[in-house]
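As written, the chains take the letters A, B, C, D and E, and residue 1 is the first residue of each chain.
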């Protein structure tokens, strides 16, 4: 018994859900439409589970062709789904975490839409969520690079839509363009990455005559390795765009403008890991291009460290998590770059659990403060003044929190679990997965190892800092004092995720190697070798993490931060901290290097080159006016310029004027005769002298 | 230089002189008279070239009738002193220059590249007799002759149309 | 009568019936609209019938009607129409877009309605003729004829600078087509026929003359497309034209240029096509990037869309001169896609213009809140225009770029993958200007009081857009029926390039 | 001896008939003045129709008459038909216009008919002296007609300008004839051809003579640089006369040019073609450029007619190419036909808008015509498009045939130049359409029966005849020159 | 005998002078007379050629030319008289109301 033929439903169900919500969402009400969305996502999860079950029995890859798509000559790309252990792993993560987030969001958005003053947006949110699930499922289940690309861009679109969900606001809730700017930025940065993937596809097709994974991998070894290197490097651009690696990561922090469930789902657990999935999927290609692998690993490791430094300096609860995500993605990318595909995937899964948990937890914190600030009783809507920018109450600012562990204990507990998992403390999930990466790195590339270890240290530090700032100490604002615990519909998913964060390590527990064996069916033994537990590495990283937490405690725990006080790190680090807070001025640098030059160049091209020069000058002045001028000159050789008006006077018979201008008043008939005569003379001259 | 040539050059000088006279006279009446002189000289050339009938026609029709008509109109309009003192601007030098160019071209053509038969044979005595011309006119040249008559008719109609004052109701 | 009832003749000339009917209408404006709409719909129906008669597996001309026409003094001018895979989609596009465009004039054109509809139907006749004529003389007649109604449409019902735009449109297009006329005459004189299949069969034009003929034809088509740097008429014409005019201009008229390349340059001058493919490729790529960059800073939405056409049609030309199946099929499909997407964009701009009588982006902002349906539909169209997978634009652009990557454009001294690579940059830039436009119009808070009370789309407006959206999704998700129509003809066409080696330009 | 025979009369029947008819009309005008003002147009038209009938019977029956002075062949028959057509159109345009402008004198029609006889003779003249006489016969009535509106000063001015310059130009023509006579000892076209074949003592004189003849005729057809009279005369003359002049004089001039060059002067084609080429180029460019600058529709049409003379001259450039020659004649004739219909129609519109004393002729007077007078404006638009050469109009067919002939003669450069010229011309033709349709105004028009009929008929003809161009071109292709 | 070339030269000079007259005089009548001079030059040429060919054709042409000249003079003078009646001037430089 297998359920492979059901696999298209992982896409259809969410699509069905979103269509339902589009058509009758308004009539279903909040509960109905969130239920529809949940069922759609949950259904996809069920189908994924069925795939898993089927695959457990028949672990080799299954391809389910659904329909023709593009079919020109050698280019044969059908809509075909690929069910293998790698894709099913992703399916399970996406739909599983996704479904949990659906549940959470049903509660969260109820409040959020009211705080943003637009209850009608509720349905829209779930439409987007379902759309995202569909696109993500296409991404992970497509049997060809092209189909993968459809999902790839599709999730980019959803990311755009969801980041810009409150398109008329700024992230702090005031009216403005910043959210939409963030959305735009995300889309464009993703597109830059997509360009790389596109180019990789062109090269793949030209060289190997197909875009289907099996055919491509089968033919890859016959291709000149330098081409493979080019292909894989092109792909790296795509990975950098989607998985927020250097230098294209800049969109992800801004993406926190989206509602918090979105940050959890898209910008932490699923979409951003697509790059990791892509590299894992393309393992046969990367293995043929060691230089590309090294590049990928170094890019990942550098990103991990770089983002971790920035995370240290952030005050926004979500921004810290955002940079942390970038950093963790760096771990994964570094892992797959090193050839440690299993480790990368392992970390991908565990990270999905604890980072989703953290984001959702932060959402719960934010909502708690928001509800304390403007209470909403029941479904009774209460208007509140739209805040002015700059003076807004920003529920995401950690500086106004503090002491929350007392008022929102559930959130605190799960958040703590997530934070420790992220910090990599045993026996939580993060410990195992990160450790596996570090172990592999130590074997493969000491530099990468060093970078990652440093990043791990910083990770523990900033998480410690965050937890201490948010939950410990004294409340630093009225809202923090009165914070309200979230309703069960939000906390239950948190608890489930917390459980997964604790137990996630079992997936590939040292010695058991569940995930390794599972993925071996797809990646082959060569790329899915088991990594043995390395006590030295484990101890090093654990000790470093503890040290970092201790450090954080000395700074933030021993003497809790007072309201409106400066961050203690600022004193210690001085201008370095300013640099961290300002994210190393990378955005500004890009603005200076790319955006503003492009804007100026485009304006120059459009206004000066195209319009003033090409349109006005070349056409209007040179061609049109030139012709006309020439024509006027030929028609009135004596009437040019100033004389024009005078000559008109002549026609009315102003004699005095006429005689004073007699030099112009040549007899016209004689002029004509002279012209005739001139014609004759020159014609004869030609015939007599030249013919 | 034979007598023929002397006669030719003499008459040619008169003809050209008369033409220049017409061209340069300030008084239109003098111009007309110079033109008559020119026509008469040309008539002599016709005679020399064995065209007595044409010479006669030239004197009678051209120098006589047509030029009298000219003189008559000049007198009628009192236009004889008109406008000769005005300058012509750039038109005049260019015109003269072009005329000189034309003359240079002609001379180069006639005496440089295209020298024509230098000797002309004597002709029979009945060459160009009125009979011969008349016969040709009514045989070979019947069509042009008739057309000419129509032409004169048309000219007559035209003159009437032009001279007649338009109807009073205008 | 039998002659007129031939399917293709029927589809070309049926709108003339509507014209006749309109001529007898006096001042009945609403009736004129209906007459015109119904005529266009019936024409669409006839074209569907033609589609039913069309045999997709047959790569040759079908449903041909060939009649002797002018046979004097050694002339051999025939009336010849026919349809094959290269043109069937464009015919359908024309008949499909015309009723939509007519429907969009319901409110937009209040002045001299009858004349407007009359010109519109005449325009349809001309366009269909262009796509169906298989004889150079006939083709040229239709080609030039389309100028006239369009000229009036822009000139009478256009914006404030309409006269300038109309004359410019006419003169630019004519400048190219007179060169083409000379080339047509040369072919007629020296090859003894104007009938395209004959000319292809005769072949044997010396390479150097092919070169000049190619350029003469290309001049006409390149201006029409318009390819950089001959595009300067386009922003004027588009910005000034009434909405329906812009829709047809972008949707169909520009395709006449790319179709011309496909039908005539590639088929008649294969040697030169191979030889000049890199040059055309360079121009196409410049057009793609230039158009995309120049679109970005525009403040007038319509102008932005107009410039984006330069970029999009650059893709089409690039695909055509890839000279392989993927490139050409993609190019043909992209012609249709551009017709749908850009047509829809112009409609969308028209809707907002009807409401606010301005197209300056600074006047807008936050419209999503006010007109959510409008915003969502616009977003879909914009995404289609920037080539989002799953929507129609992607299928075309992807296949074009795939074809161009190693195709004919990469021949010769420029030989590299730079063409597709740079063109792909155009895809990013498309996202830049499209998102910029979308953001300016729809995102952010409503800043202008005048926008607060705007009404969302009416049922009529939805009826206009929805057929386009259906196609956007259909082609994006399941383009195979379309490729199946194109495929055999393209395969036959590309086969003709197989034996030709690239020679440097003399 | 026999002065002539009855066959001569038969061959020249159309000419002789029309001359007689005109003379009779003169008598009618003299003796039945009151009635003649009413019936004269009808009588003149009847005469033209009969002439056309006689001419039509002469097709395919080439002959020469009057001792080789007169050629009756397909060419002359076709030209006669063209003249009849343009005469009829001119009469239709004139009849009401003359009444409106208080110019209704019967001599008008008589002079017009006489001028047409001159034009017919131009086409049939097989001897240079007949060409000269025919030219005078066509010109003298035109001089008078141009000044017909006297004492209106502009009309008089037009008449005198035309006359002085015309006489000046015919002086060159005559001198040219004399030189040709000197070179070949004959003025018969065939004789010249034979003499040139058998070798000349001084071929240069033939060349120079031919060039001067060209000047005389180029003046008539208004080729640059001999064109400068055209706009002034066209503007000053009564518009109905202008309409007639634009068509008729051009036909006559081209008929003579074609016959002289093809029958008599093929031997010098190599030397003279550069001159023709230059003349054509100047005419094409000059005419079109000058037209752009005009604000007066009458003047614009005048320059436009100059530019169309340029197109016709293109055909002449090719005259020396044996292969192309027949197509050249046919296409030139066809182009003339297209030009006549289009031109007459457009003058009809001008007449409809013209007011007393030369008013109502500016471009701005046409503003809003498309709205107030849709039919008239549409007709004008059709004429403008036909002038431009946009399908589906007769003008396009004309250009198509013409350019084909030019390309057949392998004058690619000239063809490109011609194409550029038509591009430039589009600018000012379109400008009129722009003014009519895209500007607002409230022009008043004169709605007169024959005028309307002519204008609308011409517009319909321009479109319909495009589709039926084959038989017309067939006919033009039958209009072969009779070469002895 | 005098060579024909001489007559040719004389005719050319007279013709050129006639043309010059047209170009530099403002009096319409004198211009007209200059044109007559040009015709006359052509006549001289005809007769000279006729003599050299010993044929009469050239003389016949002259006859026609004289007749044509007469017709032209009639019409031309009538035109001049007419215009004088309106403008009281026969200065052709006054005739410039139309230009451009």
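Everything below uses one rule, namely that a residue touches a chain if its C-beta (ideal position, glycine included) is under 8 Å from a C-beta of that chain, and two chains touch if they have at least 3 such contacts.
No experiment lies behind these values; they were computed from the predicted model shown.
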Remaining chains grouped by touching, chain C not included: one piece
Chain-chain pair with the highest tally of contacting C-beta pairs: B-E
Most distant chain from chain C by Cα centroid: B
Centroid comparison with chain D (C-alpha atoms), farthest chain: A
Chain whose Cα mean lies nearest the overall Cα mean: C
Whole-Å gap between the CA centroids of chain A and chain B: 98
Intercentroid distance (Cα basis), chain C paired with chain A, Å: 35
Chain B and chain D, separation of their C-alpha mean positions in angstrom: 30
Gap in Å, rounded to a whole number, between the CA centres of chain E and chain D: 26
Chain A residues counted as touching two or more neighbouring chains: 635-636, 665-671, 673-674, 677-678, 680, 684, 688
Interface hub residues of chain D, defined as touching at least two other chains: 129, 133, 136, 140, 143-144, 147, 150-151, 159-161, 164, 168, 172, 182, 204, 208, 232, 293-294, 427
Residues within chain C bordering two or more other chains: none
Pairwise chain contacts, counting only pairs that touch as defined: A-B, A-C, A-D, A-E, B-D, B-E, C-D, D-E
Of chain E, residues touching chain A in the complex: 19, 22-24, 26, 31, 91-93, 95-97, 99-100
Chain D-touching residues of chain A, taken from the complex the two chains share: 627-628, 630-632, 634-636, 668-669, 671-673, 675-676, 678-680, 683-684, 686-688, 691
Residues of chain B that touch chain D when the two form their complex: 109, 113-117, 135, 138-144, 147-148, 150-151, 153-155, 157-158, 160-162, 166-167, 169-170
Residues of chain E touching chain D in the complex: 4, 8, 11, 15, 18-19, 22, 28, 31-32, 35, 38-39, 41-42, 45-46, 48-49, 53, 55, 57-58, 60-61, 64-65, 68, 71-72, 75-76, 79-80, 82-83, 85-87, 92, 95, 97-100
Residue numbers on chain E that touch chain B, as the complex places them: 1-10, 12-14, 16-21, 23-27, 29-30, 32-34, 36-37, 40, 43-44, 47-48, 50-52, 54, 56-57, 59-60, 62-64, 66-75, 77-82, 84, 89-91, 93
